[in-house]
Structure formats: C-alpha cells, structure tokens
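After this come two complexes, each holding chain A, first together with chain B and then together with chain C.
What follows is the complex of A and B.
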C-alpha cells in the first residue's frame, strides 16, 4: 500500500503500529531460523565434501576393476555374470526434521553380499569378476550415503534461500513501508490538530470582536 | 525403493553385477526419454548417471534433475563435475563459495 493510500486516522495508526510489532517479531524469528539453518548446513557441508571425494575414488576404482575384468575374461562373460545376479539391493527412505525442513534418511539393505549370495556361478567366473562386484557394491554404498547428504543439502539450501528472501523482504520492504506510513499519519494528524486549533482561535477572536 | 542406473553399456554393467535391477542401457541419443521415464517412476529413490550423459541433456531437463529430490540424482565420473551444481547452489543461497 502506498503512503498516499493510507487513511490518516488514529485507529489506522494503532493498527499500523500493531502490524509493525508483528513484522518485527516475525523478522527476528526468521532471522534466527536462517542462522540456525546455516549452522546445520555447515555441519553437513564438511561431511558431504568428504563423501564426494570418497565417491569419486570408489568410482575410479570400480572402473579400473571392470576394465581389467573385461580385458581378462571378455565383456561377454562379464555381462552374462552380471545378468545372473539376483540379490537386489533396496533402499528405504525415512524422513527427519531439521528446523522445519523435512530431509530424507536413506538406508540401504542387501548392498554388500557374500560371494555365494551373488547368484552367478563360481565355476565359470574368476576372481576378477568378484573384484568388480565387490568394487561396485562399495560404490553403491557410497552412492547411498552421498544421495542422502546431497538431498539434505539441496533441501537446506532451498530453505535457506527462501528464509533469506523473507528476512530481506521484511527488513528492507515491509517494515520500512509501515514506518513510512506511520510517519505520514503522524504528520497528517499533527497538521489537522494545528488546523483545528487555528480555526478555533479565529472563532474565538470573532466572538470577542462581536462582544 | 530401488536404485536406477542409466547410461552406456560400459557404465551399467558393473552396477548390474552389484545387483541393481533397474538398469537402462542406452546410447547417447536415447538417454533423454529414458531419464524422463525414470523421473516418473515412483519406485526409484536414487538415479545414477554418468556426468558426460547429464551434460548432453537439454538445459531444462538438467535443471529438473538438479532440483529433483525423489529420485535424487547422483552423477559419477567425468572431470569431477558432480559437485559443480551443488557448488553453484551454495553460492546462490549463502552468497559465499563454501565448497572450496
């Protein structure tokens, strides 16, 4: 609402003062929420950085193993072994709450399997293929951890940005506008008071002249 | 929920060996429709892709992959660009590059 649109009345002034108080309370709370979220974010950031590095290392290792296995056994054997695997790793999504932001907690099960649980025959395959399976199982474990942390970070970042916008909007737009309106009403009320005072004085003078 | 892998034959074979069933083997032209289909699949919790494949997708799809929480997209390989998107996001939200 522009300053000119405000009705210069006492009730409007009281109303505005109440709204300023409410906005200032909200501003303080949101600022605390933003700071809290950033603190939580810092905690996760260090973990996530470490996990990313581990993930890249695990992937490089897995690629090396798969290349070695396909060079030794041929890609056909590797593929046929991979199609025989029947133990499917599953993930479970739970959610936790960090300062009002719902973040997922991902748990993997059946990721790491013993040699005999994998499902491919031990006679037709060799240790290189076992190494590949091992390396990829480790990689999948790391992927699950990385996915949880990265999702948490994404959600926290979204919320930090949202809260930051709200804090800024209150600080630089809403509260100053209300204060401007209060100033306008005060000035206008004073002006009206002065006007009525001068007209009263005039009437008094007229009456004194008549008498 | 399950993990899904989309990519070339070399990329997905190892994941098959780790027991992952939702593996979509595709060439570079076929990635886009497969990714769109996987994004619609409610049973997929994590989508794993190679960085080179992601970088060839249209910008709009890339943006929705970056923003997607379910499934969460984890990218591997390439020149270690997996963290770049997150890094940009951090810069945008916090105002400082904290990923260094």
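What follows is the complex of A and C.
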C-alpha cells in the first residue's frame, strides 16, 4: 500500500504498529529457520558428496562387469540370465520433517540377494554373471541412498531460497514500508493537531474581540 | 530287439538288487553300443576341410592390434560373410557381429550333425545338447517373467539338435504347454518337477542331466581316443564343480565375515554337484570352510593352474573370473594335446567343435572388448589361443 493511500488515523497507526511488531517477530523466526536450514543443508552436502563419488564408482564398476560378462559369456547368455531375475527390488517411500520441510526417506528391500536366490541356477552360470549381479545390487543400493540425499538437498535448497526471499521481503520491503506509513501517519496527525490548535486559537481570539 | 535305453534300465535294476559289496565293483555305466554304423573316415575328412577355414592361432594377436573397424572388415571377409550380410538388416555394429558369430557356430554344429552317422553322430548330438538346454532355459526364464517374445527369440542360439522353428514355436506357448511339449523327451521328467517356484533347481537339474547324459553316452572308454574324450568331459565336470564350490565358499566366507558367523549359508550345495568328475573329491570339499577348502585344493591337480590367483590373496579381492579363465584354458588345451594321435576317431570331430566355439568366443571377446575400450591386456588374458 502506498504511503498516500494510508488513512492518517490513530486506529490505523495502532494497527500498523501491531503489524510491524508481528513482521519483526516473523522476520526473526524466518531468519532463524533460514540459518538452521543452511546448517542442515551443509551437513547433508558433506554426506552427499561422498555418496555421489561412490555412486559414480559403482556405476563404472557395474558397466565394466557387464562389458566383461557380455564379452566372455556372450550377450545371449547374459540376457538369458537376466530373464531369470524374479524378485525385483522394491522401494518404500516414507517422509520425515526437517524444520518444516518434508523430505523423503527411501528404503529398498530385496536389493541384495543371496547367491542362490537370484533366480538363476548356479550350475549353468559362472562367476562373470555373479559379478554383474553383485555390481548391480551395489549400484541400486547407492542409487537409493543418493536419491534420498539428493532429493533432501533439493527440497532444502528450495525451502532455503523461499525463506530467504521472505526474510528479504520483510527486511527490505514490508517492515520499512510499514515504518514509512507509521512515520507518515505520525506527521499527518501532528500536522492535524497543529491545525486544530491554530483554528482553536483563532476562534478564541475572535470570541475575545467580540466580547 | 533291446535298445540302449532298455539295456541301461535293466542294468540299473540289476545293480539295485545286488548287495553293496558286489555292486561297487560293477562299473556305473555300460560300454556304448547299439548305435548303428559309424562313418568316421568320411566325417573326419569333411571336418578336416572345415577346420582349415578357421582363423589360425596367429590371427588373434593381429586382431588385438587392429581397430574395431578393421577387425569387423576382416571377419566380414571370412567364413562369416554370409551370416553378416543376411543379418545386417536386423542388427548393426557389435550386435551384428555377435549374432553372425553365433549363427555361424550353430550352422557349423548342424553341419557336423548332418555329416556324421551312427556313433559319432550320437556323441556329437549329446555333446551339443548343451545348446538345447541353454535354449530351453532361456525360453522358460523368459516366459516365467513375461519377457517379450522377440527378446526371447533374440537370445536363442539353436546350436543343438532342437531347430529354430521348433524353439520359436515354443516361445508363443505358455509355461505349461512348453513343459508338455517336452513330456516325451529326456527333459520331460525334470521339467515335470517344476512347481512354479523352484526354477533355479530345475535349471541345475537340466545342467547336471547334460553331463550325466554325456558321460553315459561315452560309455566305458575302451580305446585311447574315447579315453581322451572321457577325460575331457570328466575334467569339465571337475572344473564346473570347482568353480561352483569356489563361488559358494567365497560367498559364504564374505557373508560370515559380515555377520561374524561360521555357518554354511547355502546348505543344498550337494544337490548342485555334478557326479563323475575326474580328480575332485566334492564330498570332502563341499563341507569345508573357505580357508580349509583352499588348503584342500593344493592337493588337487588343478592347484598349479589356479594357485597364482588364490595363493595369499585377500578374500574380497580374489577374482573368480580369473580362476575360471585359467581353468577353461587348461581344459581346452588338455583336450587338444596329442590329438594328432587319433586320426580317425571322435577326437578330430570333438576338436573341431571345440576350436569353432573357441574361435567364436575369442572373436566375441575381442570385438566386445574393443568396442567398450577394454584394455588389450585384459582382452588377451581372457582369450584361449589353441
């Protein structure tokens, strides 16, 4: 609201003062939330940095194993063994709350399977197939961890950005505008008071001259 | 007239009736007979002509120094030309080469089956049965897990006695119909045991059936050539059992190290062991823990082949693929040793099949390895140059 649009009344002044107090309280809380979120973000960033490196290494290892197996056993054998995988890993998605930000908690089941429970017979397969299965199980585990951490980071970053915008809006726009309006109303009220005082004095002088 | 199967059944019945003290002295298999007239001279001459067309052993080091395009061109100018030309509409790049290699190998196997008669035909058919078993497993795996039919068809090799038309017909059926299709075949009794949940066990049974059947088909090795074939199969059984035991023991040791336990996690390992091996006492080895197992391996003839990988190696870093590569090389080299001594016998025929499948294996390793930028040393390490 522009300063000119404000009604220069006492009730408006009281109302504005209440709003300034509320905004300042909100500003303090949001600033604390922003700082807290930044701290949480950096904590997760340190974990995520290691996880991303591990994920890259697990991916490179899985690709290497699959290349070796399809070279030695042939892609036909490898494809045939992959048909046999019956227990597909399942992902359970829960959520937790970090300072009001809802972040995912991802848990995988059936990711790491026992050697004899992978769906293929052990007699007709070899260590190349086992190595590929092992490497991809590790990769899926790393993907689950990385997905949880990176989604959490993304959500935290979004919320930090949002909170920062609110803090800045309160600090540089809302509160200064309210203060400007309060100043304007105060000046206006003082001026009105002075006007009424001078008119009262004039009336008093007129009455004294008539008497 | 009694056929071989009937004679075997009678023999097994008689052995069952005899007391153990007597039956242990009776050989577990009969001499192979009743297989009709053989055509060894004709078959071996044809096989020699086919053998000449294989890549010589010095071709592989040259391939290693070529670029992928050069290797592809070389293969495209060789025996594989027709297969590459015919498959080039469906596939491209490395997949085209691999499909062409497999198709050529399947056709060579079919040709060997066509040109042999009587005993060599029976032996080759039993030896190539491994392709049939692989294709049956692929179809059943695919059908059980709803894999699209075209993908299942693409994974078939058809190098055995079962023809592509029959196998592709199976792909359109459901699992029960597929099992019913084999009810009159030797696979019928095994496949009938499938209850919807035990497919890995059925796969193991099929693979064991292959070796047991081959062992039976060779019969009592009365001549030197049959002894060589017999030893090759029994050594292959040992190698299969040894790599399986190594995989199981390493897995159990790693799991136990994580949980600080000492128990055997895979209890049904006995059911996976293939009988009739050459020099490996699987009954003793299967009950040992990893360290004792490695110690016991020192006493076997395979230790010299694999000691470089297993000796003083940290459990986690032991590469079982290295062990398998060494054992495969060892067995293939052994069977081709002194093969010139047996000019008119099953050995030159078997040797051709081994050389052919090894050529396909080597070319695939080079092509696939080069296409993904694999290190030349690693590729060389996996090749078996006979």
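One rule holds in what follows: the second predicted complex is superposed on the first by the 211 of 211 C-alpha atoms of A that agree within 3 Å, B and C clash if a C-alpha of one lies under 4 Å from a C-alpha of the other, contacts with A are read in each partner's own complex, and residues count from 1 in each chain.
FYI, contacts are C-beta pairs under 8 Å (C-beta built on N, C-alpha and C of every residue); 3 or more make two chains touch, one makes a residue touch a chain.
Treat the numbers as computed from the prediction; the structure is a model and nothing was measured.
Q: Evaluate whether chain B and chain C can sit on chain A together after superposition, giving fit or clash.
A: Superposition result for chain B and chain C: fit.
Q: Looking at chain A, which partner touches more of its residues: chain C or chain B?
A: B
Q: Applying the document's definition of touch, where does A:190 land relative to chain B and chain C: first, second, both, or neither?
A: Neither chain B nor chain C is touched by A:190.
Q: Taking the superposition on A as described, I'd like to know which of chain B and chain C A:116 touches: first, second, both or neither.
A: second
Q: So, A:71: does it touch chain B (first), chain C (second), both, or neither?
A: second
Q: Between chain B (first) and chain C (second), which, if any, makes contact with A:35: first, second, both or neither?
A: neither
Q: In the overlay, answer first, second, both or neither for which of chain B and chain C A:161 touches.
A: first
Q: Per the contact definition in the header, classify A:127: touching chain B only (first), chain C only (second), both, or neither.
A: second
Q: Once the shared chain is lined up, is A:85 touching chain B (first), chain C (second), both, or neither of them?
A: A:85 contacts both chain B and chain C.
Q: With both complexes overlaid on chain A, does A:107 touch chain B (first), chain C (second), both or neither?
A: Neither partner.
Q: In the superposition on the shared chain, how near does any CA atom of chain B get to one of chain C? Answer in angstrom.
A: Comparing every C-alpha of chain B with every C-alpha of chain C, the smallest gap is 9 Å.
Q: Following superposition on chain A, which residues of chain A contact chain B and also contact chain C?
A: In chain A, residues 63, 70, 75, 79, 81, 83, 85-86, 118-119 are touched by chain B and also by chain C.
Q: Hey, which residues of chain A end up touching chain B in the complex?
A: Against chain B, the touching part of chain A is residues 38, 41-42, 45, 48-49, 52, 55-56, 59, 62-63, 65-66, 70, 75, 78-79, 81-83, 85-93, 104, 106, 110-111, 113, 118-119, 129, 132-133, 135-137, 139-140, 143-144, 146-148, 150-151, 153-155, 157-158, 160-161, 164.
Q: Which part of chain B faces chain A closely enough to touch in the complex?
A: 1-3, 10, 13-21, 45-46, 48, 67, 69-70, 72, 74, 76-77, 80, 82-83, 86, 89-90, 92-94, 98-99
Q: Per the contact definition, I'd like the list of chain C residues that touch chain A in the complex.
A: The touching residues are 95, 98, 102, 133-134, 137-138, 141-142, 144-145, 147, 151-152, 154-157, 199-204, 206-208, 240, 243-244, 246-248, 251, 255, 265-266, 268, 272, 274, 320-321, 323-325, 361, 364-365, 368-369, 372, 374, 378-379, 382.
Q: Can you name the residues of chain A that touch chain C in the complex?
A: On the chain A side, the touching residues are 63, 67-68, 70-72, 74-77, 79-81, 83-86, 114-116, 118-124, 126-128, 130-131.
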